[in-house]
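Notes to accompany the following structure.
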Amino acid sequence: MSSAWITTRAWLLMLPLLIVMIAVVGWPMVDTVRLSFTDTRLVGTSGEYVGLANYAKLLTGSAFLGALRNTAVFAVFSVAAEMTLGVLAALLLDQQFRGRSFVRALMILPWALPTVVNAMLWRLIYNPEYGALNSLLTQLGILSEYRSWLGEPGTALWAIVAADCWKNFPLVALIALAALQAVPRDIKAAAIVDGAGAFARFRFVMWPYLAGPLTIALVLRTIEAFKVFDIIWVMTRGGPVNSTRTLSILVYQEAFSFQRAGSGASLALIVTLIVTVFAAFYIALMRRSGSRA
Amino acid sequence: MERRSLAASILVYGAATVMSAIILAPILWLFLMSISSANDLSAQPLHWWPQTLDLSRYGTLVSLVSNSAGEAFLGSLRNSLFVSGLATLGAILVAVPAAWAVSRTPQVQWSLFAVIATYMLPPVSLAVPLYMGLAHFGLLNTITGLALVYLTILAPFATWLLKTGFDNIPREIESAAMIDGARLDQTMRHITLPLAKPIVATTALFAFLLAWDEFFYALLFTADQRAKTVTVAIADLAGGRVSDYGLIATGGILAALPPVLIGLVMQRAVISGLTTGGVKG
Amino acid sequence: MRHRLASTAIGAAAIAAFLASPAFAETTLRALFMAQAAYSEADVRAMTEAFTKEHPDVKVELEFVPYEGLHDKTVLAQGSGGGYDVVLFDVIWPAEYASNDVLVDATDKITPEMKDGVLPGAWTTVQYDGKTYGMPWILDTKYLFYNKEILEKAGIKAPPKTWDELASQAATIKEKGLLEEPIVWSWSQAEAAVCDYTTILSAYGGSFLDADGKPAFQTGGGLEALQYMAGTMKDGITNPNSKEYLEEDVRKVFQNGDAAFALNWTYMYNLANDPKESKVAGKVGVVPAPGHEGTSEASAVNGSMGLGVTTTSQHKDEAWDYVTFMTSQKVQNEYARLSLPIWKSSYDDPAVTKGQEELVAAAKQSLAVMYPRPTTPRYQELSQALQLAIQSAILGMASPEEALTEAADNSGL
């Protein structure tokens, strides 16, 4: 078989995917780029070309910086916590103990719970008057009076991070556990016989197996975290005092609430750019680790 | 094998207990809310165990009486099922050949990265043109239209997962079959796909759950019982005129039941699929 | 396995096609409503059923969204060439909708009977720049609800007539240990907070904009209103959770007996008096929102909503028939439990007033003093700036003066 035919065949096999993607993502994307250079409003007058004015206005405005900060805080802390807790949980589940398969099955629950249900569940739990968290903490004597978890700018974003983390750390745990179980038993045993300490065992025996799958998990979770919309929409809609307004929520406000489709489009592209930079970095990392394996 | 010290055992069992409690408590509470009377739910401090059992909300939300809240909610569950099913099917159909091609032909790999890059687009950035496009073809508020949009989320994801799966199937098996004179489609059908079955199943499972989970596009592109999905119905319950938290919780339980059951029943597929190397040579 | 998958797929596709097929009726109208406050979904469905009984050739498809989604869905549909024939719109949107050509100008369709029969306050809801863009439908304002039992226990004879009096009565209730924080409001970062602010602003004789259309809320009555709000929070007489509450949360707290006073829309009256929903049924008092000594007797925000026909509608005449039916006196009188009619004479009709005399008495006073939020095409931006100012002030992150000055700078006006 000639290599030209192999390449052509590959393209033919990819064709359905590419057609769908170009039709439903590529074209709207191009349209978004066009919109971003205009002052088009969602309804009414069609916009004029305004060059980079939308971008200039956004990048210098306080709304963008605030939303960027909130998004970064959300992404960094939720993903970091999910990865850490996930790996710890996986290390635990890699041990032999009675009830292990039960606990492993439990991990499926938060993972399978729809995001919107999770958001709604935690909103009920955080409810300042009738919420379970307040009731529990006061009954345990940890809290002296009920607090408004989602109503305080100081706690709202953290409360959402915690809710997101609860749902997503089991996913990381399941991925990491699967990787750990691929470590041959004799290697694990040999390391113990050699007297390797717990950290050394983790670093030199388990990490080589964990690195690849964890990078994938990290990429997916980081992308998701930067796009975050659903959980915030259901829990706070960006309040209080914009303390949970992330980039996606800001795009929504610009484009739909304020009807500035042009400005919303340019903001959306900035978000895309930020996510792409992160993702490109990860993909480069992954290819490097992939070529080593 | 390894003999654990007593201290290590206590640590393992202690940690396992704490973790189980953290995972179970919120879900258990969601269920308890759904069966507690409104009085129990507005007590301060809360009644953790319902003093009066109230199962009426399940009746309210699962009802076939026409024009009732229950009919609307069941309708949204049905819509979610069809949209997710259709989108998953579509995603698998386009992703299998593409993933195989990328796995076996490194020259075209860059195009997969281009497709995956779209996964980074925040859905808000496509919403306006997509809305106009769907409106143009009369696909707004239809299951087909929403499934088509979901395809764009599921397909890159599915291709990515399947490619890692195919990577783990040795090419030599395929080349051997090809040398024996099998055509590509025969090789695929008889050699590759059977080997890839677990990863295809897992991919389908993940895709289905991803679609079931979707909220933003459904919020914008659906309007009523003909296409409104359960995630939007839940958000409407939480944002609309419902002051009974028990009813909201019941909606949550019902919406979570299908994906949670699928996840539990197909646990083996989930976990073996996550190794992406379930097929060991 | 493969066969099962294939047959499932075909089945799913067939059902999807079936669901997407158009319904058979000569004309199909699509109407957008909200699933929050005022008429319940069941009421709207019943009214619509009555309409289609009179017009068998017309089918009406209803969609209900939370208030927060109403504006966005309307403009999104309009931006992509239409979708709805009839939309419900809030009093604050006609300016924006008019300048973007969303609603049909219905000025010529208003008959003299309509003109005279409907309360003048209701008309302001649907008018902008001298034109009328639909019919008022929900005539609504915020009232002061109070728990009669708690007031009685505190030895308070009559509900407050001024905002200062409200604060001192609340302080009394707090001192007597009856409730920790007696007043509950909807001050979450949303339009609801602006409605509460507008009510108090009008009591203190403030105004949003000056004669040149520039912000004026950062001085005078506007400033005093926010100072009052922040003050009640600081003094601990306002439920601190008000900062994350919307109307439904306010109702929940009030009907659970956890508040002595609450500011809320008409619909709460009959729901809080319904023993199935509420622990305080039969103890609910309602009066107009208070005034300010020397400035006003009572205060109210115009929180009314109207029904209009969209410019993209293919069936404008049928759509207008539907609007006039829904807003007709007969229909409104029949469903007057959660929202009061727009028609003057309804308020003397025993069929409407029976069982809710207290509410109707309050309405007569409140509806006459309804104060508008500013009419500007960029209302959404102004509103968001105000929401931010209100939240900063009640959370003690900025003084009311600083917060409002910043809002004035950011309002885009």
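Which chain is which? They are A, B and C, in the order written, and residues in each are numbered from 1.
Methods note: a residue touches a chain if its C-beta (ideal position, glycine included) is under 8 Å from a C-beta of that chain, and two chains touch if they have at least 3 such contacts.
A quick note: this is a predicted structure, and the numbers were derived from the prediction, not measured.
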{"item": "Category of the chain touch graph - line, ring, star, complete, other", "value": "complete"}
{"item": "Chain pair bearing the highest count of C-beta contacts", "value": "A-B"}
{"item": "Most distant chain from chain A by Cα centroid", "value": "C"}
{"item": "For chain B paired with chain C, centre-to-centre distance based on mean C-alpha positions, whole Å", "value": "37"}
{"item": "Geometric centre distance via CA averages, chain B-chain A, whole Å", "value": "15"}
{"item": "Residues within chain A bordering two or more other chains", "value": "42, 129-130, 146, 256, 261"}
{"item": "Multi-chain contact residues (two or more partners), chain B", "value": "42, 128, 235, 239"}
{"item": "For chain C, residues contacting two or more additional chains", "value": "68, 76, 79, 252"}
{"item": "Contact set on chain A toward chain B in their complex", "value": "6-7, 9-11, 13-14, 16-18, 20-21, 24-29, 31-32, 35, 42, 89, 92, 95, 97, 99-100, 102-117, 120-125, 127, 129-130, 132, 135, 138-139, 146, 166, 170, 174-175, 177-179, 181-182, 189, 192, 213, 216, 223, 226-227, 229-230, 233-234, 247-248, 251-252, 255-256, 261, 264-265, 268-269, 271-272, 275-276, 279, 283"}
{"item": "Chain A contact footprint on chain C (complex, rising order)", "value": "68, 71-72, 75-76, 78-79, 96, 99-102, 188-190, 240-241, 243-244, 252-253, 258, 380-381, 384, 387-388, 391-392, 395, 397"}
{"item": "Chain C contact footprint on chain B (complex, rising order)", "value": "39, 42, 67, 82, 85-86, 89, 128, 131-132, 134-136, 140, 142-144, 147, 219-220, 223-224, 226-227, 235-236, 239-243"}
{"item": "Complex contacts: residues of chain B adjacent to chain A", "value": "1-2, 9, 12-13, 15-16, 19-20, 22-24, 26-27, 29-30, 33, 41-46, 90, 93-95, 97-98, 100-102, 104-105, 107-108, 111, 113, 115-130, 133, 148-149, 151-152, 155-156, 159, 164, 184, 209, 212-213, 215-216, 230-231, 234-235, 237-239, 245, 248-249, 252, 255-256, 259-260, 262-264, 267, 270-272, 274-277"}
{"item": "Of all residues in chain C, those that touch chain B in their complex", "value": "5, 8-9, 12-13, 15-17, 19-20, 30, 35-37, 40-41, 45, 61-66, 68-69, 73, 76-77, 79-83, 248, 251-252, 255-256, 277, 279"}
